[in-house]
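The two complexes that follow have subunit A in common; it is paired with subunit B in the first and with subunit C in the second.
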Partner chain A sequence: MFPTPIQKSARWAQIGYKLLLPMALVLWLLPLIGVAVTSVRPAGDLAAGNYFGIPSSFAGVENYTAVFQNSPIGWYILNSFKVTIPTVIGAVALSCLTGFALAVYNFRANLLLFFMFIAGNFIPFQILMVPVRDMTLKAGMYDTTFGLVLFHVAFQTGFCTLFMRNFIKGLPFALIEAARVEGVSEWKIFTRIVLPLMRPAIAALSVLVFTFIWNDYFWATVLVQGQHAMPVTAGLYALNGQWVAAWHLVSAGSIIAALPPVLMFFLMQRHFIAGLTLGATKG
Partner chain B sequence: MADVTLRGIRKQYGNVTVVKDLDLEVKDGEFCVFVGPSGCGKSTLLRMIAGLEEITAGALSIGGQDMTRVGPSERGVAMVFQSYALYPHMSVAENIGFGLKMTGHPKAEVAARTDKAAKMLQLEPLLKRKPGQLSGGQRQRVAIGRAIVRDPEVFLFDEPLSNLDAALRVQMRAELSGLHQELKATMIYVTHDQVEAMTMADKIVVLSSGHIEQVGSPLELYHRPANLFVAGFIGSPKMNFLKVDVRVEGEAALVTLPGGSRLSLPTEGKPISDGEMTLGIRPEHTDLITGGDAQVQASVKLAEHLGSETIFFVTLADGSEITVKADGLATQKAGDVLALGLSAKACHLFDTDGRAVINGDLTR
Partner chain C sequence: MIPAPAPSLALWKKHKGTLTPWLFLLPGLLMFAIYVLIPIVQSIWISFHEWDGLGDKAWIGLGNYIELLDDDTFYTSLKNNFLWLVLYLLAIPGGLAVALFLNQNVMGIRLYKSLFFFPFVISQVVVGLMFTWFYAPDFGLFSALIEKLTGQQIAILADERFVTYGIIVAGLWPQTAYCMILYLTGLNNINPEQVEAARMDGAKGLKLLWHVILPQLAPASFIALVVTVIGSLRSFDLVSIMTAGGPYGSSQILSYFMYEQALSEYGYRMGYGAAIAVVLFLIMMVFITLFIVRMLSQERNS
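The block that comes next holds the complex of A and B.
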């Protein structure tokens, strides 16, 4: 068997493995641990030069309440949700439809269209900066969450379609044919047969898109200027300027901003189920 | 009335023709079986009847109505797929009732018809299970249940038993035959198993590379194969073929057998020309006793004693090998020499194009 299970390897390898693995893990997580520890450090520690040591006292409650009280981070987070949730819903819903169409129907330009969706992913988005900004300005959507959502949906749908189309292609096509012979309409085939079987794909894609959009900084700064529509990524950056020396607050803000994608993952986790099509075919 | 009529049906993929201008009539209530080797176009033909595959040319009508360009959902046929194609996220009951529910039948009616179909197929204890929790035979029955619940006039089956073990196959075969008698619907059944074809069919359609070799009842095909292909395909073990010299004298075709003995077959007035031909005789029609109309000497290469019967693989004087099916009590072993008696009534003669010129029909 490859790789050889660690239980079967030599003794020194087992000991080395047990020692190195936690070390590598800690090393890997060091920046995150650093931020987490700093976020509960009292301001005095930083002034006294205790940057990496044990915090002199636990100031988590003060720091986190301070972040919410002294800054519009609550507002930023709300903005982030206002951008991320509609984008996830829009991109996933749209790509379920496009993916279904591309996977199930054999029209002439099918492959061409599919390649266009894929090709869209290869465009470096930086070169789109100026035209997209101009376009949103002219459309009157500059500096609005709606404009940001619209752009994100358009840009995410390419990858999502690729993902969904390939997932649906992997479902047994005979299921669709069986339903057709039974007289079921195409829309009902989509909603009653294909959609339920896409649950794992929808969950995975939702988490992926959610994380991606939540963490987006580039477009948040390009398409948004004012506080009223600014998502948390860009907002944190603005706070950096405000709290030049208040690292404990910046850290606390960062931790808050990083939580929603993690929560999203755990929320969706139970839908990542394998073997949903078990029993559909002879197997 | 739901007869299925195919007129000049053709299927092309690009410039590959997989079904060639095929004419066929399946009568109302008939159990028609398509057989043929793998890749001959059986599934394609069935799928064209179901509407899942576009018909390149020709006309298809079901129950007298033209269905050539009608979508699968409007043809009113039910199909059982080789792979079952059960909806994995639905229970057995939901699987069976799904089509009815989606086509707007009231809830009570769906439930009643589902129960009736489940009872017919003995699926009642399984109604709450998901397909993943069923055995192959049970899944098969659900797939059939999904077809019969709609009470269609035409059933299409694509090798429904090919995933089952031998015992279950025999059982399901009988159940399907029973179902046909009960429902009296038109059934078209694809298989490459000739035993299935022989046991279930009213009518067998033998296909090879996209065209019909012969259409007929099971015994017609067995006793009067129209060509070498059908002769070799129907019957197990396969019919023996011998290259022979034929000379026609009056009303008789004189066949020179390996080893020199002569066999005289009645020409029944058919114009037959002299020359090399192929003589066909089934393993079960060659006798170990020195009776018959002609004898040949054969040495046993291999003997399979199966208890109920004995299969001998023997070599004739000219080196050609044939199979002989004999009584289960036969004691000969490899190396023994046998005398085989051939009966003229059981012999078939095929010309160089493979067409049957003489069919020795044992039923007459």
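The block that comes next holds the complex of A and C.
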């Protein structure tokens, strides 16, 4: 193990390390802590100049209720779910198929397609913006959650294919060969043999894509204009403009918007990290 | 299943081997082509036109690109993109340092690791708002700190000298967390025998890190490099949230400059925007190609 386990160090170093940990954490999360504290601060504190001290009273309930009552944030959150969940399902489903094709079959264009998916995943969004916006407008899907879903599914397929293909490559190929010898059809090999083994990959991808899409801001502003379809990222920005210097409300809104992916992360931590660090251990 | 008519069945049987992978690929490939591949070509095409997004496109050849060469904001954006690219790389050693700090087995360390990773899970919109508040004169924690230290207030986001650095620091926060998690995973999979052998030989500290540990972390470093370079050039959200390119365009970057031109409140300039996007695309393609060449050689070796 590197660095040397702290248990092998002197007693004072061990105590020092255990003291340093929480201090480093507080420093690291200072902006977040600041926002969390501000979100429960009464409006009066801000007016009186009490920005960083202990809040004079706990106004969390008032602030969060005010955010939900005076703004469409609940609606925005609903929109975010309407964009995120279908995207997760669509992108994972498509990439199970493409990943299987690229992992199992040897054909001439295989590597070319694989690297095309990877490259596509790295390009700047701006090179797609004008045509995708135009296409969405013409198809009558501008300003709808469905228009966003279609784009996200297509774009995420790049990353998801990379992920699924590498995962399936790691499965024992002998299973597939044995099934072929017994005359099992390719489709059945996919659904009966490979798909059940892909559960961990599907779980990891689902949490990752959920977080990516929930946090998307660019496409939410490009493909949506009105409140009725606006996801919470773009909505929060719009609200920020209305709540000038009402930091207690901005903070509460920020916490609300950040909560779903944070919960997702904590519930599915193992899968999330397994997905994110794919390839970080072997070449 | 409905039995297919005989000729097509024969045809299917004959080409089954070659057709099967394409059938699996079809839905994904189709979506990817419609929304990613074709739009790239379209954007390049549009960049040779004057277009407001509604009427007819007027061919102006390289007109948009020539105009770009005369546009001060373009140069500011290029300079800032370069700053982003270089400073963002700090996330890699930063992430490694945090990972080394946290790679211990003490009580509650798992929770510490998750909490350190937190900034990456949060939307950049929220990160942007947090740091806006952090920097805000009178309100912000950071600005209060600066005032204590220097005796004067500095409005980071309103000061042309500091604004880009201020935004990059906000971006480094989640990016460092990302690199940290890559390195933590890498450290977890280090070959303990090699480390022990090196320790027997008397290697320790930085020497051990440099000669034994870092080579084993190479895959993690490569991924950290890829996601950091791509992330720095793709960044958009923070600039949009924190400054909208201001003050006076001093924090512009190509991605936001493009967005602003294409969907500007003074009229849509899709052609000009597309030209900016093409420039950004070409810059990124240089890096993407380098990364892919390296991945390809790994793929061939395995």
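Here, the second predicted complex is superposed on the first by the 257 of 283 C-alpha atoms of A that agree within 3 Å, B and C clash if a C-alpha of one lies under 4 Å from a C-alpha of the other, contacts with A are read in each partner's own complex, and residues count from 1 in each chain.
Simple rule for what comes next: contacts are C-beta pairs under 8 Å (C-beta built on N, C-alpha and C of every residue); 3 or more make two chains touch, one makes a residue touch a chain.
It should be emphasised that the depicted structure is a prediction, and the values quoted were computed from it without experimental measurement.
K.L.:
Could you let me know whether more residues of subunit A are touched by subunit B or by subunit C?
P.N.:
C
K.L.:
Is A:E177 touching anything from subunit B or subunit C once the two structures are fitted on A? First, second, both or neither.
P.N.:
First partner only, subunit B.
K.L.:
Could you tell me if A:W12 is touching subunit B, subunit C, both of them or neither one (first, second, both, neither)?
P.N.:
A:W12 sits against neither subunit B nor subunit C.
K.L.:
Would you check which partner chain A:T277 touches, where first means subunit B only, second means subunit C only, and both and neither mean what they say?
P.N.:
both
K.L.:
Counting only touches as set out at the top, which of subunit B and subunit C does A:P196 meet: first, second, both, neither?
P.N.:
first
K.L.:
Counting only touches as set out at the top, which of subunit B and subunit C does A:K188 meet: first, second, both, neither?
P.N.:
After superposing on A, A:K188 lies in contact with subunit B but is clear of subunit C.
K.L.:
I'd like to check the shared interface: which positions of subunit A are touched by both subunit B and subunit C across the two complexes?
P.N.:
276-277, 279-282
K.L.:
Under the touch definition given earlier, write down the residues of subunit C that touch subunit A in their complex.
P.N.:
Residues of subunit C touching subunit A: 18, 20-22, 24-25, 27-29, 31-32, 34-40, 42-43, 46, 53, 98, 100-101, 103-106, 109, 112, 114-119, 121-127, 129-131, 133-134, 136, 138-141, 144, 173, 178, 181-183, 185-190, 192, 195, 204, 208-209, 212-213, 218-220, 223, 226, 230, 233-234, 236-237, 240-241, 254-255, 258-259, 262-263, 270, 273-274, 276-278, 280-281, 284-285, 287-288, 291-292, 295-296, 298-299, 301-302.
K.L.:
Name, in rising order, each residue of subunit B that touches subunit A in their complex.
P.N.:
Contact set of subunit B toward subunit A: 50-52, 71-75, 77-79, 81-89, 98-99, 102-103, 130-134, 136, 139, 146, 150, 163.
K.L.:
Spell out the residues on subunit A that touch subunit C in their complex, using ranges where they run on.
P.N.:
Listed in rising order, the residues are 1-7, 17-18, 21, 24-25, 28-32, 34-35, 38, 46, 51-52, 94-95, 97-98, 100-102, 104-105, 107, 110-111, 113, 115-120, 122-135, 150-151, 153-155, 157-158, 161, 186, 190, 211, 214-215, 217-218, 221-222, 233-234, 236-237, 240, 245, 247, 250-251, 254, 257-258, 261-262, 265-266, 269, 273, 276-277, 279-283.
K.L.:
With touch defined as at the start, can you tell me which subunit A residues reach subunit B in the complex?
P.N.:
172, 174-175, 177-185, 188, 192-193, 196-197, 275-282
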